[in-house]
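Just below sit the structures, each encoded as structure tokens.
Below, subunit A partners subunit B and then partners subunit C, in two separate complexes.
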Partner chain A sequence: MGIYEISLATLVGINIILALGLNMISGFCGQISLGHAAFYGIGAYTAAFMAKAGAPFPAAVLAGMVLAGLVGLAVGLTSLRVRHDFLAITTMGVGFLFLGVVRQQEILGGELGVSGIPSPGLEKTGYMVLVLILAAFFTAFSLWIKRSWMGFAFEAVADDEDTARVLTVDVAACKLTAFAMGTAMAGVAGGLYASFARFIMPDDFGFITSITVLSMVAVGGIGSVFGVIISTVILTLMPEFFRFISDYKLLLYGALLFGVMRFAPEGLAGFTRAVRKAGIRSAGKKEAAG
Partner chain B sequence: MKPLLEVKNVTVRFGGVLALDDVSLEVRPGEFLSMIGPNGAGKTTLMRVVTGTVKPVSARIRLDGRDITMLPTHQRARLGLALTHQIVRPFRSMTLLDNVTLAAGHHRIGRVIRALTAVDRSAEREQARKYLELVGIAEAAEKSVLGRPLGVVKRLEVARALALEPKVLLLDEPLAGLNTAEAARLADTVAEINRGGLTVVMIEHNLGEVLRVSRRLAVLDNGRKIADGDPGAVMRDPAVRAAYLGKEYQDAAA
Partner chain C sequence: MLFFELFVQGLIHGSMYAMIAVGLTLVYGLLRILHVAHAGLFALGGYLGLLITNATGSLALAMITSALIVGLGGMLVYRLCYQPILDRPPYVPLIASIGVFIAMEEVFRLVFGPYGLTYNHPHLQSQVTLLGLNLRGAEIGMVITAMVLLGGLSYLAQNTRIGIAWRATVDDPEIAESFGIDAVKVRYLNFFIGSGLAAVGGIFISLLSNLVEPTMGGVPAYKALAIIVLGGLGNVKGTLVASLALGVVEAFGTIYIGSYLDRDAIAFAFLIAVLMIRPQGLFTGR
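What follows is the complex of A and B.
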């Protein structure tokens, strides 16, 4: 593996954690967020400054996770008060608010961002392995949540909040839990990114990033852990292999989102399910014919 | 005997419409109370005030002696209120079995940490299957709710409410959308569960079944309770006859 492949694989791992975080909120619990990059940014900035202040790498990432999760919890609390269709706008607002704050504050590096972030103390291959192990851990975590009773309650909330309430589901607690877990994961991804890039800028955590992550979740099939992972790998690598895509990212992801929502709301997961079903059906026919 | 469910002085306004005007109702443990009344009388609204999904202008609700007026819907449900919807509200992304399994797991989703750490659903699934059998739709258990006929989804509502193991079962027109045989069977099932001790309040237009299974009858008309008592006596009440006959005259004239 060359340096380039190693850094690509690291980036894929980070994006998987980021996307699985949003999948917790939007996929499992049905709460659309257009500001996921803000929590990614909170994790990255927190970890960056902690590391620069001399904190060991794990402590820096942990601090990013905790702060992102706490802010996520706060945003979740306000989201309880807004109507469902306003949540997208509220979270988009949080995204722009984050950008506004880091751009304006000189102590946060302003437009120039933060450079000179200390190395995590692992060479590139070791860091890639660490990131991939964490990605595997959060994959397992996501699968566990989906199977848990909480995940079951999330499903109910995503499907029909009012009915969930009549069936004893504490909808507010579900949303807050999903928000806290999902944004904390974004914080971890941010912390890992800061130590990987060792230089961060406000634009790394802008609206385009939020839309990119949302595309990863939507294309993968809202709620499907493996669908999200596959689409994250594809959507992370595609702009690298086809350089010109980088210039049209927003256009591409916008089109992707629109296309998925319009023509295949279940995304990749729905597609494979449909193929499998078709397979079973044609196999059945063959049996009947034979 | 002390009332199990005590509903006092409920007034509800929707904009200019006075949907309920100072309605009170008491349900004693083990009762099977049916509620009838013309369309728009306010029956569904009264149930929704009891479960906490409609905000009343005034009301006082007690369940088993405890004042639940200020509690949110999910807490009322945890204390023992179950409701089936007149306009069906299944979880459309789930199978019939999962719809009921979630309700059967009501004690599992109460605490966040416990809900996050528990994954085993086998006991609840088994329970859920029993409730589906009880209402006669077990053969569709593994099927998606989508594409099921109304009669099946109506009974799914009942199975799901039963799975909550409530103290009071509130049924909002459970027989609508069922054919005669299905309706009679479901009414029998509910009556049997009631004989087993569960308190039932049923809104229903199907007078034949209402008079056959219920032991007390309340009538709402135009946001007011106009009668409440023994079904036979209530049906002979001139005010009730006027409400129904008046309605029929109007319908005939239209």
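What follows is the complex of A and C.
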């Protein structure tokens, strides 16, 4: 593997952690968030400043995770007040609020961002392996949550909050847990990104990033762990495949988002499910005929 | 004096927000969709207005033509983008809409170039003194146009057969249909009017900054989303009040707390603060 492939693989790993975090909130628990990039940013900025202050790499990433999770918990509190589309816009507002604060504070680097973030002390291949191991860990974690009792409760909240409440599911606790876990994962991704890029600026964590992460989740099939991973890999690598037509790559990206929602609204996961079902049906027909 | 000036500036911005946000809230009231692609239509209005003004020298002609074309564009967006996926969960049309918006921005960039275009008629930037304030002609024109158009819209909604059919469909689509109202026609009308208003708003904002650029739709559109949420989603009166309120809050906020938060962040901080106190927005119901 060359340097180029190694950094691509690292980026894929970081995006998987980021997208699985949003999948926890929007996929499992049904709370649409349009501000996920803010928590990615909080993780990245925290880790960057910790590392610059001389903290060892694991401590810096951990601090980013904790702070992002705490802010996420606070934002989760808003989800107890507002629902559905109101929540989507509130979380979008949180994203802009984060950007506004970072941009105006000289102490946080302002428009120019933070540069000279120390290296994590691993060479490129080692760092890629570390990121991919963490991505695998969070994949396993997501699958475990999904199959646990809590995942079941999340699904009930996503389906119908009021019915879930009647069935004695603690809706508030579910939402807060989902927000705290999902945003903490975004914080980890941010910390890993800061040490990987060694230079961060406010625009890396803007609305477009939030939308990109949401599309990774939606294109994969909201709530499906493997669907989200596959679509994250595709959407992260796609701009690289299309480099020969780089002028049109965002146009294609927009068209892809629209196309998937228009023709396969359940994403890749829904599409494969439909194909499998069709296969079983035709096999059944053959048996009946034979 | 500063107080008065900030207040007037706030109302001027607010009337621009109103022209964008009314279209969004109409779509939300009827279809329960957050119509992000509205921002693309708004930018399309700005481009058409500038191109026609520069070609013919007539701003009035530019406004009428671009409102009509963008209105038709809005109907097309409804037909191609929303109609087939109306019965899906709300994030599906939302993401489809964001996709359309990104694609539209890219088309503008590829067709008209990334740097933006300016008006070649300097008299459009002239200043006048009114009530002791130096205002630009375009600012006054925008406030008057917004009042006329939104007043006309309210007359249409209250006093004509079309308006009554429209309000009935918003209230209860099924019962309205059982009374012989064609809900699909109402939707097309809705998109036509909302997009036409956005086009006029787009022309005025491009006059104020003397610039149209591919990304001009973004920030006003995100704010318009905040406004319709503030106004209680789907509530037209609430949207108008929220537009003016947001304009004024921003004008004062940039002066007094501008060193801590930028203009956009002030708008969203206001939104979040209001929603925590009144989670259903300033006004409830439709």
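Keep in mind that, in the parts below, the second predicted complex is superposed on the first by the 270 of 290 C-alpha atoms of A that agree within 3 Å, B and C clash if a C-alpha of one lies under 4 Å from a C-alpha of the other, contacts with A are read in each partner's own complex, and residues count from 1 in each chain.
As a convention for this text, a contact is a pair of C-beta atoms (placed from the backbone, for glycine too) under 8 Å apart; a residue touches a chain by one contact, two chains touch by 3 or more.
Bear in mind that the values here come from a model prediction, so they are computed numbers and not experimental data.
Chemist: Figure out whether A:Leu167 sits in contact with subunit B (first) or subunit C (second), or with both, or with neither.
Modeler: A:Leu167 sits against subunit B, while subunit C stays out of touch.
Chemist: Of the partners subunit B and subunit C, which touch A:Glu155 in the superposed model: first, second, both, neither?
Modeler: So A:Glu155 only meets subunit B here.
Chemist: Does subunit B (first) or subunit C (second) touch A:Val94, or do both, or does neither?
Modeler: Only subunit C is touched by A:Val94; subunit B is not.
Chemist: Does subunit B (first) or subunit C (second) touch A:Val228, or do both, or does neither?
Modeler: In the superposition, A:Val228 contacts neither subunit B nor subunit C.
Chemist: What's your read, subunit B or subunit C touching more residues of subunit A?
Modeler: Of subunit B and subunit C, C contacts more residues of subunit A.
Chemist: For A:Trp144, is the partner it touches subunit B (first), subunit C (second), both, or none of the two (neither)?
Modeler: After superposing on A, A:Trp144 lies in contact with subunit B but is clear of subunit C.
Chemist: Using the touch definition from the top, say if A:Ala37 reaches subunit B (first), subunit C (second), both or neither.
Modeler: The answer is neither, since A:Ala37 touches no partner chain.
Chemist: Show me the subunit A residues, by the header's touch rule, that subunit B contacts in one structure and subunit C contacts in the other.
Modeler: Subunit A residues touching both partners: none found.
Chemist: Under the stated contact criterion, what part of subunit C meets subunit A in this complex?
Modeler: So the residues of subunit C in touch with subunit A come to 28, 32, 34, 81, 84-85, 88, 90-96, 98-107, 110, 218, 222, 225-226, 229, 233, 258-262, 264-269, 271-272, 275-276, 279-281.
Chemist: Can you list the residues on subunit A that touch subunit C in the complex?
Modeler: 26, 32, 78, 81-86, 88-90, 92-94, 96-97, 99-101, 103-105, 207, 211, 214-215, 218, 222, 247-248, 250-251, 253-259, 261-262, 265
Chemist: Which residues of subunit A touch subunit B in their complex?
Modeler: Answer in residue numbers: 144-145, 147-150, 152-153, 155-156, 158-160, 162-171, 173, 177.
Chemist: Quick check on the complex: what are the subunit B residues that touch subunit A?
Modeler: Residue positions touching the partner: 51, 53, 72-74, 77-78, 82-83, 85, 89-94, 98, 101-103, 105-106, 108-110, 112, 114-119, 121, 160, 164.
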